[in-house]
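After this come two complexes, each holding subunit A, first together with subunit B and then together with subunit C.
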Partner chain A sequence: MSVSINARRRVVIAPRRRLAARSWRHADRRVGIVLLAPAFAVFAVFVFYPLGKVVWLSMQGTDIFGQAAGFVGAKNFVTIFADPEFGGTMLRTGAFCVAVVVGRIVLGLFITIPLTVRLRGMPVFRALLTSPLVVSVSAASVAFAAMLSPGNGLVNSVITRFGGAAVPWLTSTQWAFGSVIVVTVWGSLGFTVLLLLGAFGAIDHDVVEAAHLDGAGPVRTLWSISLPLVTPTLFFIAVTGAVEALTAFGQIQILTGGGPAGATTTLVYTIYQAAFGAGSANFGIAAAVGVVLFVLVLALSLVQFGVLEKRVNY
Partner chain B sequence: MSTRTRTRLALTAAGVVALLATSGCAASGSDADPATASGPVTLTFWHEMTGPAATELDALVAQFNTQESGKITVDSSFQGTYADAQTKYTASVQSGTTPDVLMMNDISTGFMVDSKKTVPLSSFTDADPSFQDDSFPPIVSAYYADASGGLAAMPFAVSQPVLYLDRALVARAGLDADAPPTSLADVASWAEKIHAATGAYGMTMNMSDSWMLEEMSASGGENFCTPDNGRGADRVTELQLTSPTQVSFMGRLQQLFQDGTALNPGTDNASMVSAFASGKVGMMLTSTGAYTTADPTKAASKVAAFPTTSDASDAGVVIGGNALWISGDGHSAAQQQAAYEFVTFLHSAEVQAAWASATGYLASNTAAAATTTGSQWLSDPNVTTMADQLANTPASIASAGCRTGAFPTVRATVIGAFGLVVEGADVTATMSDAESKAADQISAYNTAAG
Partner chain C sequence: MAAPTLLAPALQMKRRRPATRSRLRDAFLYAWLVAAVIVVCFPLYYIFEGALTPTAWLDRGLEGLLPIHLTLDNVVRATQVIPLGQQFANSIVVTFSQTLLQVTIGISAAYALVFCGLRGTRALFLVLLSSMMVPAETTLIANYLTISSWHLIDTLPAVFLPFVASALSIFLFRQAFLSFPGELRDAALLDGAGHFRFIRSMLLPIARPTLISVTLVSATAAWNGFFWPLLVTNSPENRTVQVGIAQLSSAEAADVGVVLAGAAMVTLPVLVVVLVAQRFLAGGITAGALK
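For the complex of A and B:
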């Protein structure tokens, strides 16, 4: 270890050089601290301070302008947990997260695996299927809102043209949640396909060849060789997808505004409604929901790294 | 590189990053201390108009600036939706940089009064003998009246809900658009006939918030909030959603939505208007402000008065739109006086006539009809219907509408409950739950307002 080397050196070096060495070590430490300072300053301003402010606000009452109006302890947390709808919102947020992550992975694999076959013109298909990557969530949501519009949207026009009944995609509590999930999965599909194409492309062909020589068919090779080898990418998609789903906002705001009857309201949307959407700027309640969301995301990440990562082959 | 040089470089880098990081946090603030302002006055004006209304408003501001050249300059800026503007306004109160004149929508009137950051319009008009206090339609004065009976703000853009009928679809159903239905019961019956005869939706209405339910309550002479719609000495503490009149009209609407006669447009009001404009809906209950987009030809539709939901004598419809608020705290007397001159300019008969004919809003100055532009505007019978409805609405407590700062919050609660009703939930039980939740929300707001 460097400490023992230094300790040994200290015995043999001359007093003058020892002083110089110590001064160098101090100087190195100073330089290290100074070099870290910019990063720390940025983190302090943009991460630590807002986080601390949110925790502080979560224990404050607020006036109608959103200004802190006195310490209320855990009252804001009691208020949100006493709200009978909050439990439903948490469950809905969890269901949304699971549906988006599973949908993203399953659909991503379903689309990507055929794309790994070497065929003429495949790059064109790859480009088309990864194109959702470049479409922003808001733009996609506006387009889907127009297509799923109950009055004269494209989807219902086609359905009714063929004699079917118009479906209330965004205006019924039975359909709206699923519609938002579909739009969210669609929006993240391009990035998922891109990641999986890279992962499948990086698989050593010799391993696959050896499996074939051992008599493994395409399904067996996929299940026992290819999929295990892309688990690091699947894990990455699961972790980032979960965080993206938990913090989803734009599509909910544009497609349904959290409705109908709260059917698409998630935790993040609750924060928005409390702080900005309802006129009264209730930042205390919004911050308290923010703290709950932070704890949930942290817990989920720990679970994912503690449980899921054990099944990943690096 | 020496240690000292490296340290200096690192310190410099840290300083630059810290400067960059914090520079974005500095408040832009106002250009000068308004209290010491002298000479020409520059006013900041926040508005939320888009499309043709924004174009017309910009033209009016330019006209005022030319007229007041060397004395007053209005610097207007678009602030997004009304909700966005209210959020920015609360931030500006915190930073002490409120605009001199703020446009704010109808339902935020309670919040603006509670904010105590504005000067009532009546404190200016009382000292201005040239101002005509009776220049507003009675329902408009009633809506923006403050506790002392004067006006809290200058009404600017005024709208009301009306009934639009698609002439072609109505005719195909064997009905006469020129003898339109006058009650909600008749509207429902017409909607069923249109749907049965044409296959198109019989009717639609705004469903993104509870506005239509508020209007149907008022058109049945029912208060939406208690006590007294917040128009008396006491603050609003509860909503009223389960009166026999309300349960009756919600039950009728439930039938229409359940059997597919009515189109539920969800949060997308624009798509609702577009569906009507493209001939997919027979009747539409929405704002006068939608006229130019609902019927660009001004001939394909018939505009009729908003239907009544009971024959109560104080029944009427509540106005929508916005008003102009003059800031007090942190704004000099010269700025406040200049702001008053600006809002009275926007209220003048000529300006209101031009504004109404360009935008679909209704004139908030009764003298606008007598101007040349106003008479041209009123030559359209549909516009006459709208103007007559505004002029004839009685200034009752029911038609003055609910005033509470919690209104934007409770609207989401009410429409959420009604969303369940249209899917078949029991009307009384569901709306009773909404009453309880809204009471909690109003209580929380009242506590915050102090």
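For the complex of A and C:
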């Protein structure tokens, strides 16, 4: 039986309509297949086939021209995991994800909570504080690169003006990682605030009112009522933030190029370097890292679906 | 309310105190918000102010932040250093093609899923959705090989072809279509309207907020793309403007004004679109986020 989701809804409606529905069902199906075909074709060619191909490539050796050169089994995985640098990259990627997620949630809340108060001029503040949304990763990165540049950068010229010593924000192993984190968090702040505004706006006003009547102060209300009610959104922001951080590329490429001395090289940057970096065309290794990335993103998505499914129905 | 006469002094005290406290609280909130705006919006201000300010003035640090020497020189210089005009045109072509196809394919797929009574609709839908779990960075290498085997490297179709269908667009259209009353649709088809006619004159007008949000979200994503366009284009005149400004930044790092002019030119179109259609963008993003 063709019990599509809407067909199930239709069953309740009068028999006359069901009869009518039956009379064009055949034509409908043919049209449906034609209309679905383009989407499936695109996904087949550019998502599912390449996913299979990357898994296959990850088990292939690579010749000097980057062509697949015979089955090597798990050798590429063994190679990357045995490489101490890759361990560092994994740890760095993890630290990057955690820092970005925490930064984005904490700052997002600090910005959004005052925005939920009813005050004159609030729409202007809301618009201004979501505005970083319009800046692309590359525009943000080149602007921050200009601000943080060691020579004529704004930040250092202000520091030295007040008697401080210039900081090599992007060129020292000590600072570069933090700089990339700051840029990444800033880049996702507009989106975070937008999501949080939506979540806080959706809170039932009566619940908050009731808490007030029961004598709860604003802090208590926020902590015991509002925050628990926006937890699903916070969770969503955490997961998408983690995926975003896992797949960060533009800011790393533009700000530091993965350096200095690999200090800002994350998983995705490793893929780029292995496959397309200067003098390197090791698609087998790059594909193996790609598979690792896929497994991590898949795990995050599954956790998200699992948890959201539960939380949405509370 | 008989009590107030008796309790008046106490009540007044109680009433007045929250009033003053809330004025204080308001002042604190405004200060907080202004501080947040300064921190959050500063890079945006810096991009636009710097784009219109000579580098010599910008290099003075704090003073450079005062917009008192405005000029268009940086913009002119930026277009001379790299073919920014051509790259702008490339980005428009890519954004337009990608968005148009994503919307068209999204509407037709969602229509098929909702209205055509296909066998296994749910399974088909799940297969489409599952594509969202595959990060583009994983499939990048294989897609690069595909595009290269089609001899499309360094062409504009290479930039947008992998993204002409989007599971998110299909999902959002499906959600919008599901709320369409089945009776109306049956009536339309009985009255002789074809599928196309029905979609155009009944479904889309009703799903218009979704249509606008999906268009905005797709267009912004297409315009902002960086990694993939960087991989599949080589020659400056085939680059998109996002890749262009990154190259401008590494080549002209000393000329801050020129770099910021590039960043401003890339940002301006999105800024305008968002200002004009902010509520739709918010709707699109949050709908996608929170089902």
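In this section, the second predicted complex is superposed on the first by the 257 of 314 C-alpha atoms of A that agree within 3 Å, B and C clash if a C-alpha of one lies under 4 Å from a C-alpha of the other, contacts with A are read in each partner's own complex, and residues count from 1 in each chain.
Operating definition for what follows: contacts are C-beta pairs under 8 Å (C-beta built on N, C-alpha and C of every residue); 3 or more make two chains touch, one makes a residue touch a chain.
All figures in this text were calculated on a predicted structure; none of them were measured in a lab.
Of the two partner chains, neither subunit B nor subunit C is touched by A:303.
Which of subunit B and subunit C touches more residues of subunit A: that partner is C. In the superposed model, A:210 lies in contact with neither subunit B nor subunit C.
In the overlay built on the shared chain, the residue A:276 is in contact with subunit B and with subunit C. Look at A:74: by the touch rule set out above, it reaches neither subunit B nor subunit C. After overlaying the two complexes on the shared chain, residue contacts for A:243 are found with subunit C alone; subunit B is out of touch. By the touch criterion defined above, A:142 lies against subunit C but remains apart from subunit B after alignment on the C-alpha atoms of chain A. Once chain A of one complex is fitted onto chain A of the other, the partner contacts of A:42 extend to both subunit B and subunit C. By the touch criterion defined above, A:62 reaches subunit B but does not reach subunit C.
When the shared chain is aligned, no partner comes close enough to touch A:98: not subunit B, not subunit C.
Overlap of the subunit B and subunit C interfaces on subunit A: residues 24, 31, 34-35, 38, 42, 45-46, 145-146, 149, 151-152, 276.
Those residues of subunit C that touch subunit A in the shared complex are 26, 29-30, 32-33, 36-37, 40-41, 43-44, 46-47, 50, 58-62, 64-65, 105-106, 108-109, 111-119, 121-122, 124, 127-128, 131-146, 161-165, 167, 170, 178, 182-183, 186, 189-190, 195, 223-224, 226-227, 230-231, 242-243, 245-246, 248-250, 253-254, 256, 259-260, 262-263, 266-267, 270-271, 274-275, 278, 281-282, 285-286, 289-291.
Contact residues of subunit A toward subunit C in the complex are 2, 4-7, 9-10, 13, 17, 20-21, 24-25, 28-29, 31-36, 38-40, 42-43, 45-51, 53-54, 57, 110-111, 114-115, 117, 119, 125, 127-147, 149, 151-152, 154, 157-158, 161, 186, 189-191, 194-195, 198-199, 232-233, 236, 240, 243, 246-247, 249-250, 253-254, 268, 271-272, 275-276, 283, 286-287, 290-291, 293-294, 297-298, 301, 308, 312. By the touch criterion given at the top, residues 24, 27, 30-31, 34-35, 37-38, 41-42, 45-46, 61-67, 69, 145-146, 149-153, 165-166, 168, 170-174, 256-262, 273, 276-282 of subunit A touch subunit B in their complex.
The part of subunit B that touches subunit A in the complex is made up of residues 3, 6-7, 10-11, 13-14, 16-18, 21-22, 25, 83, 86-87, 90-91, 93-94, 108, 111, 114-115, 201, 204, 207-208, 260, 263-268, 271-272, 274-275, 278, 280-281, 405-409, 412, 415-417, 419-420, 423, 444-445, 447-450.
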